[in-house]
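Both complexes shown next keep subunit A, but they swap its partner, so subunit B is in the first and subunit C is in the second.
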Partner chain A sequence: MAGRLTLYIFLAPVLLWLFLLIVLPHLDLFFISFQAENDMGDMVWSLSNYQAFFTEKIYWLTFLRTAMYAILTTILTFIITFPIAFYITKVLSLKVSGFFTILLLVPFWVSELVRIYGWMILLRESGVFNHYLMELGLIDKPIEMLYNDISMIMGLVYTSMLFMVVPLISSLEGLDDSLIEAAYDLGASKLVIIRDIVIPYIMPGITSGSIVVFMLTLGNYLTPNLMGGKNSLWFTEQIYNQFIASFNWNQGAAFGFLLLVLSTLIIWIGLRVTRQNLSRALS
Partner chain B sequence: MSNDLEVENLVRDFAAFRAVDNVNFEVKQGSFFSILGPSGCGKTTLLRMIAGFLEPSSGDIRIREKSVLGVPPNLRPVNLIFQHLSLFPMMDVKENISFGLKRRKVSQAEINKQVSTILERVGLPDYASKQINQLSGGQKQRVAIARALILEPSILLLDEPLGALDLKLREQMKIELKKLQQEVGTTFVYITHDQSEALVMSDHVAVMNNGEFEQIDTPKNLYTHPGTGFVADFIGENNSFDATVSSTDPFKVKLDMGHEFFARAMTSLAKGTNCKLYIRPESIVINPQHTENLNKFGVVVKNVLFDGANTKLLAVIENTSREIMAALPQDKRFDHIKPGDKLDVGVYNDSCTCF
Partner chain C sequence: MKLTGMLTATALLVATSGPALSAETLKILTWTGYAPKVLVEKFEKQTGIKVEPTYSNNEEMIAKLRATRGSGFDLIQPSQDRISSVQEKYKIYQPIDYSKIESGQIITSMLDAVKKNTLVKGKSYAVPFCYGTSGLVVNTKKAPYARDYDALLNPAYSGRISYRLKRPTLIAMAFAKGDDPFEKYSDINAYADLMNGVGSDLMAGKGLVKNYYANGDALLELMRSGEVNVAMAWDNGGWKLHEENPDIDFIAPKSGALGWIDTFAIPAKAKNVDGAYKWINFMMKAENAAYFTNQEKYGTASKGALEHLDAKIRANFSRSFSEADIDNINWYPPVPAKLESIEGKILDKVKASN
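Right, the complex of A and B next:
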């Protein structure tokens, strides 16, 4: 009986936190997403918020774009971080590999906002890159490198790298070097070793890294807003606009739920396609 | 018969440390060759050079008369059984075994046929679809061997693969490995620090110490005619004593506690030089009946170390504190011996070897 009581005491903060800050607001948002003003200006139950999403082209196109770019960002992040993680764990000696891991972490001690401004200083029309390209005579007049999809994706990949590289490093550390040597000894080329031995072995790490990166990218507001500019709409900006600019909380809530459903669906499909197990990937 | 492997003046340096120092040997086709040495003697470095994971600093390695220097491991006609076997955990038994064949672009039908043949051969016919973590230690061992043998290598290299097994299984696998090697006729090069593994299985054994080969010989010769003091000490058990040569014809040595022994000099030893005298526990005769060609001395029993057929007598030489081990045959004749007894023992002159 006493054991049961201590369990409840320890669980209480967690349950309160989950209930008050996650469940309750979501329930409220869920209800208001199904409400809309009628012609008389009264709140009534309605599906019109969700209807608006499908009828207004700009909404679902942004939605689709956001999903595609989030997937692309996840893939690019993996492609960039895998060689780094492999190099740190398998090529470098134990002494330097710790130092290099710290070097990877250092930029993330600064807030995301500061890092993004750093990129903007480098990339903007009067920025560092343009200045030196002009100096070297490679270009005649400054190029605007900010406010397009490419720089936005680059910013998103940069922001996400840490969340991919850490699980990759930890699962690569578990891979015994002699497995790689055994495959090499049995006649495998380097490419085959990566494809048939290394990737399958670290798949749980890839899965957990990808889930985190995908979720963070999909729900990112800062980077698309600052680096993407007006031409690179992100779905979170639509939500923001509804809540803050249009004061249409009902519409915003509906968009929020659509984003939740979308991310869950994509992760579910991703796990299905790669035959991975969520609990194994997160353990 | 031709040689499958020839190693010539092989040297490998790691910075200032010479791990393998001018090693020469050849392995005949179809034979079981072991490299035996204490840990850190350079045997793993030597094996990794033959497998291709390390390049020698100088010297040559020839497999079937072709130099393999500069050839990467995936293109060498040798396969290695790793110390911890290194089976691929994400594949089942069949995928593990067929991994090498797939790299050679062998057709699926041919792969299926060969996999079932080799599984039959290693005694695991129904295990094709088992996962690696479902196998016992001995079964993993056999899968690892099957995975390498299916590629029909010129030489199979084995890096202490029995080290992780428990005693009973190790004894059993020793005999199995030897039988398997005779059946398939592949040349085995086996490295180990366990002398019993090397002696039981091998046709020839090389004893390695500090990066050099001390002696290459048949297991029996290594035991009866050790070429150096290290080999005498390392192979089997031995009592060793510091001694001085007191006469060369007949060869006699004087121990530091005053006893004089007729002995056999294994190297040329001049009168007055210091040497080491080795006496094997099983060459000591308890209560000898005759005294011809025998060094006799008295001992006081300290303890009987019972170990079944390996039972030993721990004694000190009379009037000294020098300990000596003698084999104690378990045939009831010596059951009366107990600590504190005084015994006469003898050693045949031939069984006393000096270096």
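Right, the complex of A and C next:
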């Protein structure tokens, strides 16, 4: 009985926290997302906020664009971080690998904003890269490298690398080296080893890393806005605009829930297609 | 013994922490630069009230107070045109008690205009603080012929143009077309038509734009480095750049600079209302208002500040504004509800277009 009581006492703050700060506000937003102003200026129950998403081309196109770029970012992040994770866990000695993992973490000790401004200083027309390219005589006029989709994707990949590399390292550490050695003994090529042994073994790590990277990219606001520049309408920015610029909280709330539902749907489809299990990926 | 010991300890704790807790604070939600450090320290010394400024912009200020139904801050500084419709709808402000304002310190015509524009159900909700205009900031050497907002759509300056993707840009472009968007405020359909036209102009000219800048500092950096030569921006930004590089200056556009007045307003559930009035009267004192203007280069609504101003500040104004330019300024009238959502959709479309 006393044990139970202690459990409740310790659980209470967590439950209160979840309920008061997460569940309640979401319920409130959920209700206002189904309300809209009629012609008289009164609030009435309505589905028009959700309808607007599907009938106004610009809204769902923005979502589609955001989702496609988030998927692309996830794939690119995996392609870049997989060799790094493999090198750190399998090639380097144990002593050095810890040091290299720390090196990967260092950039994340400063905030995302500072990192993005760092990239902007490097890439801008009057920036560091252009300065040295001019100095070396490779170009005679500075090139604008910022404010396009490529620089935006690069920024997004850079911001999310850590969230892919950590699960990859932890699942690669569990992979017994002798499996790879045995495959070599049996004459398998490098490609076959990666495809048939390494990837299947670390699939749970890939899945959890991909989910985190996808969700963070989809919900990112800063990077697309600062590095993407004039063409970078991201779905989160639409939510911000509805809340802040248009004072239309109802529409903004509806967009927020659509983002939640649609991104969950994308992850569910992704799990089905790759035949992965969420609980196994998270364990 | 143990019990008394604990009691004394608690008593001591209460005694020592008591004064710190009850020290008066004044929470101000305002724009960057509107609560200069020197003035904050001076005010704290005079009154013993601790000032806690938070920096924001019109839209975020309103959204923040709307979320808390008017609590959390003691004083806020929105533009005068964004008060009456917001108050009618969300009731986030409380009426100003003008008997507590030392109105002798404030330029009378400006106080009257703000009172009139923030009138809701017989009560007014704001006191003027400072004013300024938006127009063009131009590198006159690189773009000698930029004289009106349509320079922002001129292929001659391709890749060297920047503006904010916000409502002032739409309004400026409508004026440049020879229209008067302020007259159409009352007719939502005509306004929507006009703004849709402006939206397609902006989409057609999008290829010429370097970037839509997000805040004033970002623009200053773009102009300083020569990446942008023509921009729509606030006058004080242009004058700040002029001090560093005489080629760059603020130009009052032919179709009229857009004039705004920023105010003091008190949130509905402000805790330290007395402190808020003290701060208003303190900031409007001639020498304090003049310090603010010398620092930030915005015009002030304080009556006697003129004689405390640097000569440079006065030169700025007379260089950028002729008599005719001053008459030509289009002052923002109060924004009726519903316009924001029309503008919001157009701005989204412009940003999404290729």
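Following the convention adopted for this analysis, the second predicted complex is superposed on the first by the 283 of 283 C-alpha atoms of A that agree within 3 Å, B and C clash if a C-alpha of one lies under 4 Å from a C-alpha of the other, contacts with A are read in each partner's own complex, and residues count from 1 in each chain.
Quick note on the criterion: a contact is a pair of C-beta atoms (placed from the backbone, for glycine too) under 8 Å apart; a residue touches a chain by one contact, two chains touch by 3 or more.
None of these values were measured; they are calculated from a predicted model.
J.: Can you tell me whether subunit B or subunit C touches more residues on subunit A?
T.: Touching more residues of subunit A than the other partner does is C.
J.: When the two structures are overlaid on chain A, which partner does A:L186 contact: first (subunit B), second (subunit C), both, or neither?
T.: first
J.: After the superposition on A, what does A:F247 contact: first (subunit B), second (subunit C), both or neither?
T.: After superposition on chain A, A:F247 lies in contact with subunit C alone.
J.: Of the partners subunit B and subunit C, which touch A:E125 in the superposed model: first, second, both, neither?
T.: Only subunit C is touched by A:E125; subunit B is not.
J.: For A:D176 in the superposed arrangement: first (subunit B), second (subunit C), both or neither?
T.: first
J.: Just checking: does A:L21 make contact with subunit B only, subunit C only, both, or neither of them? Give me first, second, both or neither.
T.: neither
J.: Between subunit B and subunit C, whom does A:N225 touch in the aligned arrangement: first, second, both, or neither?
T.: A:N225 sits against subunit C, while subunit B stays out of touch.
J.: Counting contacts the way the document defines them, which residues of subunit A are shared by the two interfaces, the one with subunit B and the one with subunit C?
T.: The answer is that subunit A has no such residue.
J.: Across the complex, what residues on subunit A touch subunit C?
T.: Its residues touching subunit C are 41, 56, 58, 61-62, 124-126, 144, 146-147, 225-226, 229-233, 237-238, 241-249.
J.: For the complex, give me every residue of subunit A touching subunit B.
T.: Residues in contact with subunit B: 176, 178-179, 181-189, 192, 196-197, 200-201.
J.: Where on subunit C does subunit A make contact in their complex?
T.: Of all residues in subunit C, those touching subunit A are 59-60, 62-63, 66, 86, 159, 166-167, 206, 209-212, 214, 225-227, 337, 340-341, 343-345, 347-349, 351-352, 354.
J.: Help me check something: in the complex, which residues belonging to subunit B touch subunit A?
T.: Contacts found on subunit B: 51-53, 72-75, 79-80, 82-84, 86-90, 99-100, 103-104, 147-148, 151.
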